[in-house]
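Across the two complexes that follow, chain A remains constant while its partner is chain B and subsequently chain C.
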Partner chain A sequence: MNQDEYKKLVDEITPKENKLKNAIVAFFIGGLIGFVGQVVVTILMTSFEMENVEAYTWLCIFIILFGSVCTALGFFDNLVTKAKAGLIVPTTGFAHSITSAALDYKKEGMITGLGANFFKLAGSVLLYGIIAAFFLSILGVMIYG
Partner chain B sequence: MDSIKFSNVFLNDSFTVAGPLEKEGQIKDYNLVMDDYYYNEPTFEQAEIKMQRVVIDNLLLRNKYLDSDIDYLLSGDLSNQIGVSNYAAKSYRIPYLGVYSACATFVESLILGARLLDGKTARRAIVIASSHNLTAEKQFRFPVEYGAPKPKTTTFTATGSVGTILSKDQAKVKMEGATVGTVIDKGMKDATHMGAVMAPAAAETLIQHLTDFNRTVDYYDVIVTGDLGSVGTDIFQEYLKRTHGINIKNHMDAATEIYLETQEVYAGASGPIALPLVLFNKVLKNNRFRKILIIGTGSLHSPTLVNQKITIPAIAHAVSLEVLK
Partner chain C sequence: MIFFNAFLLSGLICMLGQFILDNTKLTPGHVTSLFTVFGAILSFFGIYEKLIKWAGAGATVVISNFGHLLYQAGIAGFQEFGILGFFSGLLTKSSAAIVSAIIFSFVLTLVFKPKD
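This part shows the complex of A and B:
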């Protein structure tokens, strides 16, 4: 049996992932986080008399704190697995990736372990996020002046 | 030369330490179980070292052997540079050989150990393997607390350590023969689907074994593969049917014999420990099985080479055992 025939056999037997179901789960859980975030921003703006930008900064801090504390308490990974991309795409996923890497490597030293591996997973998010922001802001200046 | 026949090698005692999830599973009577993944050690890696040491200590103690009574120690695991086995071995004055063959490590060690005993001077060897779910997760996949969604084909590295004493002293289980497999690469690249990577290797080694010993699959009461998983098992059986016209009915895959269906382990257990856990704690305890063929299967990938998008090679080694009356 050559490689192509074997690949066909594997594809025949391998159970299909339910992409539609995963997308729906991710849509609702991600949406729920967005909804809660909006409620928090509204409360901050009305009850604490914050400006829009300030309120969003605080929200970001809250979500990162929430994601990190939940990760450290040990149950969050099961939730993230079940929520598919719903908890990974929001900032909770960013916090989750950093905290889980930090927990893993803290015993290998502050420099050689924790420091070196802190952005093991989140490094890509940061790098390409910053690059994208750079070009989009140039584009923004060109369009809106 | 693929196959070897042994005339005078026996599996004497064995000892098992199993992890916390394994003790909730299908097999209930392991020698020792760990209540948590740390096993009173500061890190998971050190817990795994302790697991190996507990197994070796118990094998020596139960049989009243000193270090000097054992001629060789052969061990392996999944950690980088097989650090766990190396660090466990430093506690003993036993000549040591570290073995790595991914999840086929235990069977490879058995073959090497039996071959060493063929020499005139050696009397006995300890063969041991271990794996720890969380050291393997960290090593091959994501940080322990990171909850990445996984496909249904993923296997779950089992936690435990199993050791046995190979010796020329007559015992109930005789190691009768072995077939050393060749590395097979069928073009698979997905490290979350190791069953598909390993199934052809298992099938080819089985065929080689049957040809060399001039046997059919029915010669054996049971053929136990290592850790193909539920999906890999289907691929293995279908592959045998299509390429060699063999319909295998006496096949058991260790991956699906450890956990319950309610435990969320995707396609089943994996790791070098999966096969010996089932072999010593289930198959050899069942009186129906007299002629047993075990096939250890290993996906020989490294995270670096997987990221370089090269296809993954696989290996399978077979050992035939006979339970004497």
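This part shows the complex of A and C:
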């Protein structure tokens, strides 16, 4: 069997991911998180008389708690394979990346394992977010005054 | 109406993320970093503030909100402390997200064992 035939065979056997289905699932799960988030914010603002910013900050903490707990209990990975980007793009993904890295490297020690690898996955979000925001805010001050 | 908008916006952003994951070689790490930077850029053009006004939590549950908070904190820092504010203020608004992620992850890691 030559290479071309082999490649053809592999393409035939490899299961095709249904992109349309993935997109719809991501849309509904992601949308659901936004919807539930808005419900939480409305409850916090009406029942607990919170300011706008205060309510959004609490929501952010709740979502991170949810992501961390789901990861620690071990069923976040199962959820991600089903819900795809619907759980990665919301802040749950950020929490998941930190908690899973911490759990995976715990056995290598508190400093060289857990400590050194804590931000292994979330580090890029922090790094590039901070770099972009730093220079953009300088630019923003220069332009908008 | 804001409930529907929240569903629509966060759903569309997640769908865009899924579209990138499915059609390019980029990993979830790439997508989240990209979206964070994109959030800061949208905030720079004043669009993100409008999105939050329109869709509420729909705009704040996604990771791009982190970029938005960083940018807004940079501006607020400058207004209060001048040049120093870019350094001392940049993380103030996003502190809740960073600190809660660290605390919850650490405490849960001590309690739970990784599943294979």
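Criterion: the second predicted complex is superposed on the first by the 118 of 145 C-alpha atoms of A that agree within 3 Å, B and C clash if a C-alpha of one lies under 4 Å from a C-alpha of the other, contacts with A are read in each partner's own complex, and residues count from 1 in each chain.
Following the convention adopted for this analysis, a residue touches a chain if its C-beta (ideal position, glycine included) is under 8 Å from a C-beta of that chain, and two chains touch if they have at least 3 such contacts.
In this text, all values refer to a predicted model and were calculated from it rather than measured experimentally.
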Next item on the list: Please work out whether A:Leu114 is in contact with chain B alone, chain C alone, both, or neither, and reply first, second, both or neither.
Entry: second
Next item on the list: Return first, second, both or neither, reflecting whether A:Ala85 touches chain B, chain C, both chains, or no partner chain.
Entry: both
Note to self: One more residue to check, A:Leu9. First (chain B), second (chain C), both or neither?
What the structure shows: first
Next item on the list: Could you look at A:Phe35 and tell me whether it touches chain B, chain C, both or neither (first, second, both, neither)?
Entry: second
Margin query: For the three-chain arrangement built by superposition, which of chain B and chain C touches the greater number of chain A residues?
Written below: C
Check: Can A:Glu49 be said to touch chain B (first), chain C (second), both, or neither?
Finding: neither
Margin query: Under the contact rule defined above, give the chain A residues that sit at the interface with chain B and also at the interface with chain C.
Written below: 17, 22, 71-72, 74, 84-85, 88, 97, 99, 103-104, 107, 121
Note to self: Going by the contact rule set out above, which residues of chain B touch chain A in the complex?
What the structure shows: 42-43, 138, 142-153, 186-188, 193, 196, 200, 231, 234-235, 238-239, 242-243
Next item on the list: State the interface residues of chain A toward chain B in the complex, per the touch definition above.
Entry: 1, 3, 6-7, 9-10, 12-15, 17, 22, 71-72, 74, 76-81, 84-85, 87-88, 96-97, 99-101, 103-105, 107, 120-121
Margin query: If we count contacts the way the header does, which residues on chain A are in touch with chain C in the complex?
Written below: 17, 19, 22-35, 37-41, 56-57, 59-61, 63-65, 68-69, 71-74, 84-86, 88-91, 93-95, 97-99, 102-104, 106-107, 114, 118, 121-122, 124-126, 128-130, 132-134, 136-141
Margin query: Which stretch or stretches of chain C touch chain A in the complex?
Written below: 2-3, 6-15, 17-23, 28-29, 31-33, 35-37, 39-41, 43-44, 55-58, 60-63, 65-67, 70-71, 73-75, 77-78, 86, 90-91, 96-98, 100-102, 104-106, 108-109, 111-115
